[in-house]
């Protein structure tokens, strides 16, 4: 496990520096697949509303890695609980957890029916530069794929990489808040890390850190409603989704799209076509859409023009009988062949805090508190605030989005 | 209403600048009573735990003023709803609302049975420099006293100076967070102000600002539990309270305290002795305590020595039968004549959000939301988060604090 | 001049909010040409070194506008010195000053021999959406072009839009520092604005603001050396320049590039082809380079592959006889036909502060100080620090960059 | 060297946390002498101008300690160059370097003719709680005194505790900027620490950190002129100086001051009277001044009243013949017996950067740069900016301060 003689650092506004201590990570960063994340924005359509949120998945991936590194320093008992090899697995999983993201990822996943986690695993195990670098240490690629796929081999590492309180979420909340300029995501990650402790190979948080956890959970909640679920950003992502969807439908029917998008179509037919997949990024899609504004397929042309002119779908919140009626009327009046691309019935929901439910035998995500008497409780039992948030139930907003196809108007 | 030709500014880390546009406010700042706030720390015992929280009530008072000034610029319809005279009343009330604070104020109020609001009113109406400055504009002193005393003459101004969402709270939460270094109090006052609107002479908040309000309410909640109610800070304030208490008891019994504290004793006998009251500040009390370490009254000497050596009362949380039993034993074993000074049964409680209660006919404090359909609702009806917080009920912690008198030990 | 009933705001991490008060600016923002700036990164190659510097020219343009707006509020005498029409000219010039930037702008300008200011003017006066919006107010497009082109019609506005102390520089220094995470660009724009005053239709700064100015000048200096002139960023920009250069040379010789780049080639032949120009952005160039990795032109293919693999030119600092000798040897050994694309003799220089020089009859840029005796002096006469910086002379670093063409190696 | 099982932390807005790893430091913090620093403001009169600058020497002392701790982690080769014992010496010297400060320290030192460094040494070696705690480790008290007194036993530690680039300055610049709200002191201590390296038992800075150093030196320069040397703050400190001076003169002449100030007078007669010295703090002096407003000594009474009413000395900048003449006239007209207390001819000067001067055989303070060719140069040779600052010479402002004694007016 070659340590660098002198650590290499990258400037970062969230942590001051990202510090790289092992050569392995420099090599991973240098791969084609990881560099590609520079060209995929972290927040897709959100930057149409919060215009400064132009940061990429590249910087978030480095951030998650750095936070993992700080866990090893700050979380009591963590470094001791892991061998050096396992520490590398932890750091690498944090760095690579988003490697499988495609351009405008949510729209992409929706049409492709494959999760970005699965794509991450494919890229880690497939014929890629990443895989070549990892192979230097036998078993490493498989073990990282295990962690990202939640296979249970390294439960402690899994819980730190992906749970309700993990390095992924802590980094993206801080980072997205910084780059949007929102005041909500300001979480006190240092205090959270300091309150964490490994007991019986599990992460627990000392009671002294409960306020920071409550704050973190609220920050997450607010970022979802204020930023990630913003109506306009949502409408923008749906437009992308329609474009993907139409290309997919044409491809299914063996109709050639009159624009250069072989790689995209190839991936749509086989998500294991990694060499095509890694060529997809925001530039690819933006470039394609520009071509599509001249497409002979009227729907594609219309969607592409809408994208270029930022003529987004209209949102309608379904919060009353009357609104439902209006929605139904819009639906009914729309030509059925346009509906899949121009009418969306959606629902955004967010529970401030997920708690385990015995009846569902579901508990991996629960945050555990080590109370003043050294007993372990669930966060919701310890914190009346969290209990209250659970009682408040899930907030859900039903929205439809729709649009008259432009090209059909005249 | 003399406007300055060029506004005068004071640097401030929270707002960048405090801006003074009227000569009146320069004169008020220059009074003896206002300058005295420089010598009274905002957070009394808290600085024994959060050592950087050494800021004074002076800077908070300027901050509350500045936030009031920004309300006049940002809150839709506010400047229009107030005459220039009323705007000055608003600004001056914000600036002077804490003018009546004494040194280690909570301990002081507890022993004196007079609120600092009442003392503020006394100082504004009494024979003081403040009063002289205000008299230049007939009726102004009385109107400000009215606002601070919640007499109902200017309900709109009152609600902005003191309610659940006012310039006082918004400033102190931001400021205390900045100076303690806590990450909790980071409230988005700009967004809150921008969401506010005057309708029917009342403040309502647009639905678009609800996230900021939820965040603000959580910030407040966390500041209370994490900072203001910190056990050690609490113990420290109780020590001051015992010292005040003992001096008071001696004075009641016409026993002269062998240290220079005529002004304090005089105020204890008559809270209308303003010329003595304004001489009291942190220095006065600290200097007095230093003298008391040599007092012939053994209790005073012991308390003063405890203060100097930071030998605080021991806290015990009463969260179980067993703890109650221990508390009773401590109480029983303590010599009754020491109990008033060395044993405290306390309780800190905080409701995340107070809501109006029809049965109590209590609603002045309710935050009102202007929803998407232009209807006014209460915040708790609009926000499931706030509803959840109300359901979570009041958090209350019962603590006893006690201490063996040092001087009695041997 | 239609004012909006309620100002519209955009979140911004530097100023809190960007505030739009006139409908005109919403319309300008909505044009195709302005939206295109979202797809052109502010700092081109710099994000290869400071990976979080991924922000676009769009956000900087909004920032420059906002700072102009704040000037109208803060700078004494400015609002009074300008008619409402002129205020709009000022704001619009700030917003549009960078509208003419192309993708990887410096490389672009170098090859095209046309400045981005000229392109801005072309876009403002040409057949564009921008021009259509501006035409609503007769003369406005021409007047803005006048300001951006420094024609002298509105010298006061010109000096605020482009000089040594202007809203462009103040915004980009603050913004680039925020997004890189560098600590240098932290300038106190509020204090600078407050110190400014209009006298005889010129901007002067009160002596009380000189420290802020010195700080600003140092911040600028450090941002140049630490960020903008970073060796690796420079090498990256040169790679782009070579790609542009090669395409240009092929086009000159009527050799068709085997990739879709008609718009780029068309612009290279005629920079007045605005309808092609506005199609160029980072995506366009990145997409093109991806295609060029398969080009039959070996040089283009090699350069494109170098770009994709981040195999940059090697820098060599020419700071000694020996280094010069090494440089000459590299030059001599390189096949002359590759030299234009693979060997660069460059020099970066930066004077901390430019001062007017009588002999050159050059003084537009001088910062003027209003001293304690109400006399106007030049900044360098007033500030010994600035005098010292001028005495320290221009810092200049000569570097060569070179690279063995990959495809030639075997 | 007892390490704590779990490090104890204090919140701090500059570093996030102050971390204590050894029991020794908890004990030192707990001493009477160290706690006393809570009652001595870091910036004396500055808080009369920058009203939020109310922080104490206590928090700065903890900050200097923390920065020393971070040096041991970040500075390459430092931890290796020091034994564990020497590391403790370093940390303790940073923590205790200001322990000898008195209330309104500069005024105090001026009258007493004893430096605070000497008082620090006295307290460390004398009969104090500090000394008792240090004695647990033989030789430690003496070695710390050695470092603070620059005796040359530990030159590497000395240079980090007190030089042109030390933990004292780096902490106070950052801290004073934070608490004043000034934008100047924002130094990048992390980058500076990372650029430092121990070579031949001396600190050098890598060339890559030169920009941070230039920035630091400018920040220091601006903090001096903008904050520390502010005219009003200066006038305030002189008032204190006159009060000390008058008490001293009376004591010299065996005239009893009619107020309780035995400890002060005793210290004035013998600065080795440590048990009196440690009783002096801001409260002591403020309380004393309040008493002196009724003194029978007219001068003391007048000065005390001036202090209470903030009726400061008038400053006059001596920047012209005319000003000199005015100053002389004021001097001549003033009754000679008042002059020592009411007329001051002062000069503030600050060189942006001190460089060694062969002729003076003075070089301890020079900052050394490790250049790209691994050669060590002085900072001024490496950096044209610093060279320019040196050429700009020393900025010096001559001011007189004066005041008509109030009591004499009628």
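As written, the chains take the letters A, B, C and D, and residue 1 is the first residue of each chain.
Here is the rule we go by: contacts are C-beta pairs under 8 Å (C-beta built on N, C-alpha and C of every residue); 3 or more make two chains touch, one makes a residue touch a chain.
Only a predicted model underlies this, so the values are computations on that prediction, with no experimental measurement involved.
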Where are there more C-beta contacts: A-B or B-C?
-> A-B
Look at all chain centres (mean of CA atoms) and spot the one farthest from the centre of chain B.
-> C
How many Å are there between the centre of chain A and the centre of chain B, using C-alpha atoms for each centre?
-> 44
Interchain centroid distance [CA atoms averaged], chain B/chain D, Å | 33
CA centre of chain B versus CA centre of chain C: separation in Å?
-> 51
Touching at least 2 other chains, the residues of chain B are 16
Complex contacts: residues of chain D adjacent to chain C = 183-184, 186-188, 191, 211-212, 214-215, 218, 221-222, 225-226, 317, 352, 372, 384-385, 387-393, 395
In the complex, chain C touches chain A at residues 10-13, 16, 30, 32, 35, 38-39, 47, 50-52, 54-56, 58-59, 62, 178-182, 260, 279, 282-284, 286-287, 290, 308-310
Along chain C, where are the residues that touch chain B in the complex?
-> 6, 9, 16-17, 76, 190, 194
